[in-house]
């Protein structure tokens, strides 16, 4: 997204937080006062969306120093951003910028944790997010996933084919669904199918699917699917994604298997924010 | 928010999920096919924002039956909504509606849990949310808080005065800040002050603050503040809010005290979604 | 409202005035020509929203000198703003900026007049606006009220409780309505009730309302209400607002009484613009 | 404007009045309650924009009966609109709809008064508005002018050429400005020139202007201009508009002259609202 | 349109092309890399909308040199624009800027061709566009027409009266329609009528129409209309526009006649783009 | 795109055509008059976007009968749509709906022609559009391409990787660019590379590109690339797209070769509209 587009998005967040004005600040803080303030991480984390927030703050007329880069792991107490400028502007924007950074850094931190966990047992497997993102925040959440080292997966319904259970129920069979999709989808889009049995996985591969998502299967079932595909010489032709109920507790059981992608919805839909605060470190009176 | 305004907001979420179209569904599902589908809660929860989602679905031309009401506690496996209509529309909107319901119900469920916990020891104290909401979602999150039985607290920077640490740092003292605010704020708005020491709490009450927020104080300190205020005959004149690091683990320690409000930021900024799915229960071919 | 948000609002006003372009100016004025021009008040007035307009003009690339500050009283013939830059831009924006300044200064001037009038007899009473504002202009009108020295009253339906006649008609009684509101409103919001009889005023105070609005009462009735409340020891607990048909002609009769707030709808809904013009004082050809 | 476009505009006004929700109504009024309510004019007036408001209310799900038509003169106490439906919706929209109707009817009433005044002495002259409209409300204000029987004049900078003093100052002379405009303006657009001396009026007519606006001229000067033009056989070729400081007090002096149009800025920029109220006449409990 | 309004419009085009981000560029191009690039016309053409595009690119932070001006005829291979700045920004915006310039220059080039063709036989006749413009692009297309030397004709339905066949069918007759329009249209707006027979053309002129559009008439019929009007002394009072099926192949047959305007819908609705490319001429690594 | 989203898009087009109102229609056509009207194709064509336009018209309150379906080939003179309802609404929307249908049907007709042409010599090759679409119209144009039987290619910069000449110039080599893209792109997105020499085509295939676009190559060169790839056993692993300067005149020379996709920019950027008109066939007076 162009920086100016992201800027406008964040401006609408600011507008949500002050439909008229920041009554407290407008009453208490004279126009001439400036401050220097720092955004401080109150726990170890991977910071995300600092670039976006910095651009936004500059556009509001503040001077900004980024003290960390997107993707950096910072320690508890580390300052990640320093802003200098109108106290009114800084205090008015405080909550909005913290909400974005805390949320996105929370996602990036969790993704990074999963990626590092998984890499210990399988250097080839990817950790991916899903479309279980919070409404209106997909750009930020998918970006945080990428910053954390994860795979963004589909950005929207418009950018790849993913045939799900409800589609198959209506079309009638996995083969038929894949056949139609291969014939009608643009040649630039891959075709993925969600299956819940090894049989359907094989059918999907034979029908020409590019990616097979094994939904809610136990590790042992997943292993069997991979085995079946290898046996039939189909394993090379498809990517295998496992999904459904995967958490830090059980992810290694899947990571050890012959799969290409592990996707987790909780990363975005149940994300845990990183605690951060904005501390005024200097008051500058003109 | 007028239903039509909420409708437009949700439509923009749908647009985010399909900047062009739902390629998969448009390719696989013929226009004439209709389905009956149910939204099913996959865990016990308090459902929230069903009204908003139902209105939205009706506006898209679907027939909707609400099988639960906002605020109801439903059991694992309970269907909360039934929609009938164009399969293309239902599948295209599936993820968007689930993301909203899962997120809002997650918040309402957590709030309800806290409210019930707290009531056991203090029937008078309120559980409140903060402005740590996810950008763009304040309406939905504050509404979920109210549905769960919590207090919404300030909806925005425009609807009450809340003097925070950074304001006081610039103004110079609690008393001065409260004095200015009382003089300049509209008579319809209350004046709240955040303090971190018992001394400042007393000063705030003496200066005429309507609400005092005790930030990051230990239960023992909070008790001392209340005691001080009572001693000086100030306790009746103010509401006491405690805030900062309060979780289900320590909330009862605060609830037992002579406080009016306990506020928790994690409810909204680190909310955990309720798992739900949309199941097609009937395919209707014309 | 963040300056950038106000800027976008004014830009939409400009767009309304030129859905395609300013045909006259584009045809007559060559691109290279610059002008220095002044906004001149053609009558004594309190200027308002100069800051907002100046920020807007700077964003359009003009050099701006504010020759007065928001809230200043300026004499007939005084220049309040000087802009220098592209003649095309200046002429294209002339009407839009004048319409805003003339309207807002008209409101501020009227408010200031009322405030000064009232202060002569009662230094404690406030003059307040209402929600009778022109659609789309609430930010500007409420700001002009504040600049004039008035109280903004509720900014919107979301920022305080105001129980009106129609609410009471549905709920059944003043007491019941106040009781419900006190139980359900957020602790940060005050509860105000509109009453039209002294009896209801007493009931409202007894039920715990924070503010009582005496609607369309004669001064003698208002006096009786205050007396009744004092007698019962309730006067200290509530703020008294008088409203309905109050104009410069009768405002002193109310101001003399024991009331806290006098609100007038005409200030915003029937405001009289201050006459201003934009005069080109120098043509600069490159 | 398409009804749906006007609907969206009014919806944005509603949003301005309730950035989150109508706290009072949502707390006090149960969902099941319906009301029948009437909009009543509290003074004699010409009603305007009833069609637009009615369409809007229908789109919010209310049943609407128009008891008067746009342009009707109604007596004090007359009901102009009856709405039936959800009490929550009716009360939530009350202020917004009243603000529109009061403002627009105020404009239409004033315009009608001027038109009737003028007609007594000159059946051919038109009363016109200007571009001194309140930002964001041009559609509504110009429509109210037309409903009152006035001429809308230019709707925007894009729909006719109007050469003003500042343009002439830059171009150098009236003749040169008219010449350029005639050569470059689209053949579908008329060319009007504002002049302040009889000499310039003659020059403008000789140069081919379609309309001449006599700005801030005394009646005697206007008479002289008309005489000059007649003498030179130019009167038939142009329309004469008088403008600047014209009020009900002096309008007849201009109306008696040989002019085609009298335009008044105060109609829109200093309009006086008609008093109206929304009265609940029946509470319907399900 | 104010430059900032055009900027926002183009930004929305950019958003259409990257609902999330430019995946390719974000992956391949490091943030620190800058480029110098040129927009090159790959065929002889009249360039249009360079000003608008340049302003847009500057607002995105790029340094811009215009190497041609709007309306210039440039030869095959000519560079018209040079931009220097972040490679990410340049590549992300490449397609959007080319699509605008190619489209608008295509229109301007075709208009210029027609204008020059027509001038050879009639120096007084104008070539005009119609309202057959591509949805959302009217500003750009009408501007390109003007840049090419054409007449923009009506910019929208709001800026002149044009009575068409369907209007007349409903009203009943040309005379009646013109009469109503003359009475009700603002004095600043001209009245044009579309007719398809010489008889109706005469009636329209007699009824006071300002412009008569002869729709889909053969040159011989058009000649007869002009003759009829001259005979009755009406020709001077009206402008004659011919329209319908006019192309470069037959335009001279119309241009030779006594008409004022020739309008062509194909210019905008079937425009042919000029081929242009953006070539990176230097890669600048920091 | 959800129908409601498309509806809003078309509404904005209508707004562009009537920033205030349709002056002509509002003056001439009484509110009570209804019409039955038909959209008639004035030349043989493939109709496109009828569904979208029909939904829009229904939302404006008109009764709509689709007389053809998207993708149907209709003969000259065929009616494709019949609308019945308010004459004001029908005439106000006439130009907007025609502009959409004429443009989209023009694209679909051209695509269908190419597809049928190509099929005669190669049943496997696809005809694809590019991102050379008119700003703001990508949804409609890509949909028209699909309706005509073409491949939409990338919908936006966000939905597949396409490494172009400018990317390679910055990265340094085809191999490096493909390598980075394969490592960083999401597993759901394909990687396509644009090359202009047979050598680069081979390198791209060897590096793992999914699709190779041969840009501006002569048929003989394309044949050589295919041959090279077959020789090295790489042909099966990649899709071959040819692009650049392909028109109906030379498309068969490419179609005969061993390629998978032929893409043409002119389809959308230089499309030729189908002529259509809206004819009122019945006037219904109430």
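Think of it as A, B, C, D, E and F in the order they're written, each chain with its own count starting at 1.
Criterion: a residue touches a chain if its C-beta (ideal position, glycine included) is under 8 Å from a C-beta of that chain, and two chains touch if they have at least 3 such contacts.
Being a predicted model, the structure only gives us computed values, none of them experimental.
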Far-end chain from chain A, centres as C-alpha averages: D
Of all other chains, the one whose Cα centre sits farthest from chain E: B
A-E or A-B - the one linked by more C-beta pairs in contact: A-B
Centre-to-centre distance between chain E and chain C (centres being mean Cα positions), rounded to whole Å: 44
Chain centre separation in whole Å, for chain F relative to chain C (CA means): 51
Chain C: positions in contact with at least two other chains: 16, 18-21, 92, 138, 155-156, 158-160, 162, 186, 189
Contact set on chain B toward chain D in their complex: 1-5, 8, 138-139, 142-143, 155-156, 158
In the complex with chain A, residue positions of chain B that touch it: 10, 12-13, 16-25, 27-29, 33, 35, 37, 87, 91-92, 94-96, 98-100, 102-103, 106, 131-138, 156-164, 166-167, 169-171, 177, 180-181, 184-186, 189, 266, 269-273, 278-280, 283
Complex contacts: residues of chain B adjacent to chain F: 11, 14-15, 18-21, 59-61, 89, 92-93
Complex contact set, residues of chain F against chain A: 126, 128, 151-156, 158-160, 162, 186-190, 192, 211, 239, 241, 260-261
